[in-house]
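You will see two complexes here that share subunit A, one where it goes with subunit B and one where it goes with subunit C.
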Partner chain A sequence: MIDTVAPTDSTRAQAAAERPAIAIHNLVVQYGDRRAVDGLSFTVPAGAIFGFLGLNGAGKTTTIKTLLGFRAPAAGSAQVLGYDIVRDSQAIRARVGYVSETNSLYDQLTIPQIIAFCRATSRRWNGAIVDRYIRTFGLPPRARVGQLSKGMKSQLALSLALGGEPDLLILDEPTNGLDPLARHEVLNTLVREIAAEGKTLFFSSHILTEVEAIADWVAIIRDGRLVVCDELDHLKQTQRVLKLTYDQVPAPAEIAALQALPAVARVEQEGRGVRIVARGDVDALAQQLQGRPGGVRHVDAVNLNLEDLFLEYMKDSSEGQQ
Partner chain B sequence: MPIWLTIDKDSGVPIYLQIVDQVKHALEVGILQPGDQLPTVRQLGIDLTLAPNTIVKAYNELQDLGLIKSRPGAGTVVTANLNGALRAGQIAALFDRLHTLVRDAAGLGIDPAELTARWEADIQQCYGQQRSAAERAREEHGGGE
Partner chain C sequence: MIAKELVDARWKAIVGGLITLAAAILITYSYVWVQSLSATLDRAPLAPADRAALTASLQNFDLWAWANWFPKNAPLILVPLAAVLGGSLIAGEVSKGTIFLLLSRPLSRDQVLLTKYLVSAGTLGAVAGLGGLGLLLTAATIGHPQPAGGVLLSTLLLWLGMLAILGVATLLSVLFADVLRPVVGAMLVALVAGLPGYVPGWQDWSLATYWASRPAYFGTGFPALEIGVCLVTAVLPAVAALLLFRTRAY
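Showing the complex of A and B:
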């Protein structure tokens, strides 16, 4: 699986179009008896800005570390840029830009020293990009890493990762500890250097507004398992809340009948009001409900943003566990 | 970035649809006209800090509607005004909004006579203005010749 011929730009672009950036199949990762990742499967399309979401402890960091070969899977498999995570982890680490949550940079080195170190250990190196972003982020160019704030360290780590001109950039909570302006700068940098160049960005986050702001794909995990993986716009189109107002308080039989309709995920009732979480062809369902006998006075469709969607999915999973 | 484009990222409305709707609206009110250039996918992605795929999706839909045309090297150009079908869609949506308003008015218990009076006053005001603007334009045009 090692490249024997240097691929040209066009063959590389072609390969990227056919092959997903990341493919995960039934991955299991254990810490002792505990399964931190428990049969996880999903695919990250090449060229996507992919937000990887879940509550703290859901298994995001463990998944990322396993993809990079820092932890061994107990079962299942995964490929990153076509390389197997167990057999070819060296090749993966050489080709993927990675910024960890903890930014384990060497505190005693100065910024020029750490740049020299990264240049020496990288397959490719573009010093101009690194210098540009060190200026953009306003980092003190000769400072020691240990003197930088948490936010500055993650900006430095990102600048260094961009220096390797990776085809895939994996970031674990990239904007942790950043103020709103710095966060905007980081997100804009990611779009400019990675996504607008047709490269893939895979990042974990629990800040849903920032994922919503740039991502075109999302996966949500809970307890090491996949809850949903979809294009964000498709998710918003196919999942909405319908609010029904009845002339009279609807009978339990009516509520049960609603629950049985296609595309109805959940029904909640409060007096004459009924709230339906709909998944699928929401417009068709709304139309069907408009004309429904039994005193439906009106139907309002409410759009859900990513935070609403996320909370609805968390409700589902907790109901599933009871 | 075009000033007529404002994206509300956490509104719950798919972002590509917001772009499509706002381009349609810009065509409707004449801010955009055939021959006008739209920003490149890359540039708009950077300006809006948004996944370029989302913009590709919006541009594809606008192209399917026959409103824009993308050519490699030449960028993306507006090719048509809103055609009849689109206009019909906009009108249907407008009457839907009107229906919702009347329904809400009934829910609030507003007297139908008052509603009618307001409605007629609005018609007087808006259609009257449009007429007088057209008349003024005609006069000015006539005066220049």
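Showing the complex of A and C:
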């Protein structure tokens, strides 16, 4: 099942459409004959902390690289902060801070030298922010970049990205390979610096607990296609699991009847129980099931965390492909 | 960005500069040593005409200096330096992953490549200039002062010739993601471009004929053709690299 941007709540959809930090329309990016991004469309509202999720090779990094002008799209279009990604790539990069998935800092430079490089190649620069974060992260201020640990390099990369006072920060796996303490520091910094100033953060991550901790919007992609894009709270509210317990093992006809109900995304039989993945008005569905003839003893509604939601969407899209 | 490029190129420049300077000094002082050997030429089993020609050439320091520096030893040092400098310009960034930091800056790709290319071209010019200066100074110390204008013009030509190798290496550096292939490729191109010089009647097709111009050194004619050929061969691969880099996906 493929959802588009928050279709159920017009005000949220309107807010996203009015001031989008990123707007992607049917974007296609190819590596030779293979489509790494295949007709991707979604919108990132300005001011959002937006988690961009997907399995390895789903097309997250390719999408990010295309937004920044590292690759040209084969079809479709996208705007970042109102600028076209093909025509105005330089203007985009002037207002966007970016931290790549791999360590992309110059190991041969010292910290002051890499700061000077970033300052010289930025349109605007706030040295005080960089100095503050270098102190906050406890980075040795005159060290050579190559001497820093992986975590320190990530913290330095983030400090440098923030130094350009970006309106949008794009981070590709920002906490990849960091220990829990460094991860915590990085996430705190992001929330403090970005959310407090109403800037937009667009980040990809494999660590769903950290996405859940800070993101207010999420998009999930698979094989270069959008699976879902919605506000995280709304997603959790409108997608839950209902566990039905029957007096006896339900007949196949009952399972088929459940599957046909509105708001039922998937039905899985587990002995005398049935697990229903429901999307939409889950409370109404639960009430409807409670009073249903056919031996339903009771109905439990289970809230899903982001990891559960992610797995459910991955199952859905696998079934869709089959 | 220039400062960062200078930091990147500093060891190549230092090593290249020291080798170039040492080679220029050695060529000058080897003349003194070879001259001392020429006293033994009378006893060498040579035809009288050959003996006379050899003796004449050994008595002409200017010819000795030019022949040993501009067509021979200087390119032997500067070609690998140009290949290494150009070969690592973009491929070095790609192989280390630093290309993403570089491309995320609000600079056009033309700015990125041109800055890198010009810093490398400047480094190459400084190293070539150091060799020329070494030759001038040491020649003066052994009592054979060389024409400063000739050394300058020949060094300029040599530098322009090396820019062709730098351009090819830069082009290959945009094309490949590793440093080795651009470096080896550019050196092979230099070898092929110089090969016709060893074939009788084909000297005009050798790039080395133009970057090591004898009339330029001895002031017997302005090397307009040589400058033109070296300029064209320098500009073409650099422009091709620029066009390719504009559309390259990373």
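Everything that follows uses one rule, which is that the second predicted complex is superposed on the first by the 304 of 322 C-alpha atoms of A that agree within 3 Å, B and C clash if a C-alpha of one lies under 4 Å from a C-alpha of the other, contacts with A are read in each partner's own complex, and residues count from 1 in each chain.
The rule is simple: a residue touches a chain if its C-beta (ideal position, glycine included) is under 8 Å from a C-beta of that chain, and two chains touch if they have at least 3 such contacts.
Small disclaimer: the values here were computed from a predicted structure and weren't measured.
Student: Which partner does A:178 reach: the first (subunit B), the second (subunit C), both, or neither?
Tutor: neither
Student: Is A:94 in contact with subunit B, with subunit C, with both, or with neither (first, second, both, neither)?
Tutor: Second partner only, subunit C.
Student: With both complexes superposed on chain A, which partner does A:85 reach: first (subunit B), second (subunit C), both or neither?
Tutor: neither
Student: Would you sort A:214 into first (subunit B), second (subunit C), both or neither based on which partner it touches?
Tutor: Touch status of A:214: first partner only.
Student: Going by the contact rule set out at the top, does A:130 touch subunit B (first), subunit C (second), both, or neither?
Tutor: A:130 contacts neither subunit B nor subunit C.
Student: Just to be sure I read the superposition right, which of the two partners does A:105 touch: subunit B = first, subunit C = second, or both, or neither?
Tutor: It touches subunit C, and subunit B stays clear.
Student: Which subunit A residues are contacted by subunit C in one complex and by subunit B in the other?
Tutor: none
Student: How about subunit A: which of its residues touch subunit B in the complex?
Tutor: 47-49, 184, 187-188, 191-192, 195-196, 209, 212-216, 232-234, 236-237, 240, 298, 302-308
Student: What does subunit B use to touch subunit A in their complex?
Tutor: Result: residues 9-17, 42, 45-46, 49-54, 57, 103 of subunit B touch subunit A.
Student: Touching residues of subunit C toward subunit A in the complex: what are they?
Tutor: Subunit C reaches subunit A through residues 1, 3-4, 7-8, 96-101, 103-108, 247, 249-250.
Student: Enumerate the contact residues on subunit A facing subunit C in the complex.
Tutor: The touching residues are 65, 68-72, 90-91, 93-94, 96, 98, 100, 102-109, 113, 116-118, 120-123, 157.
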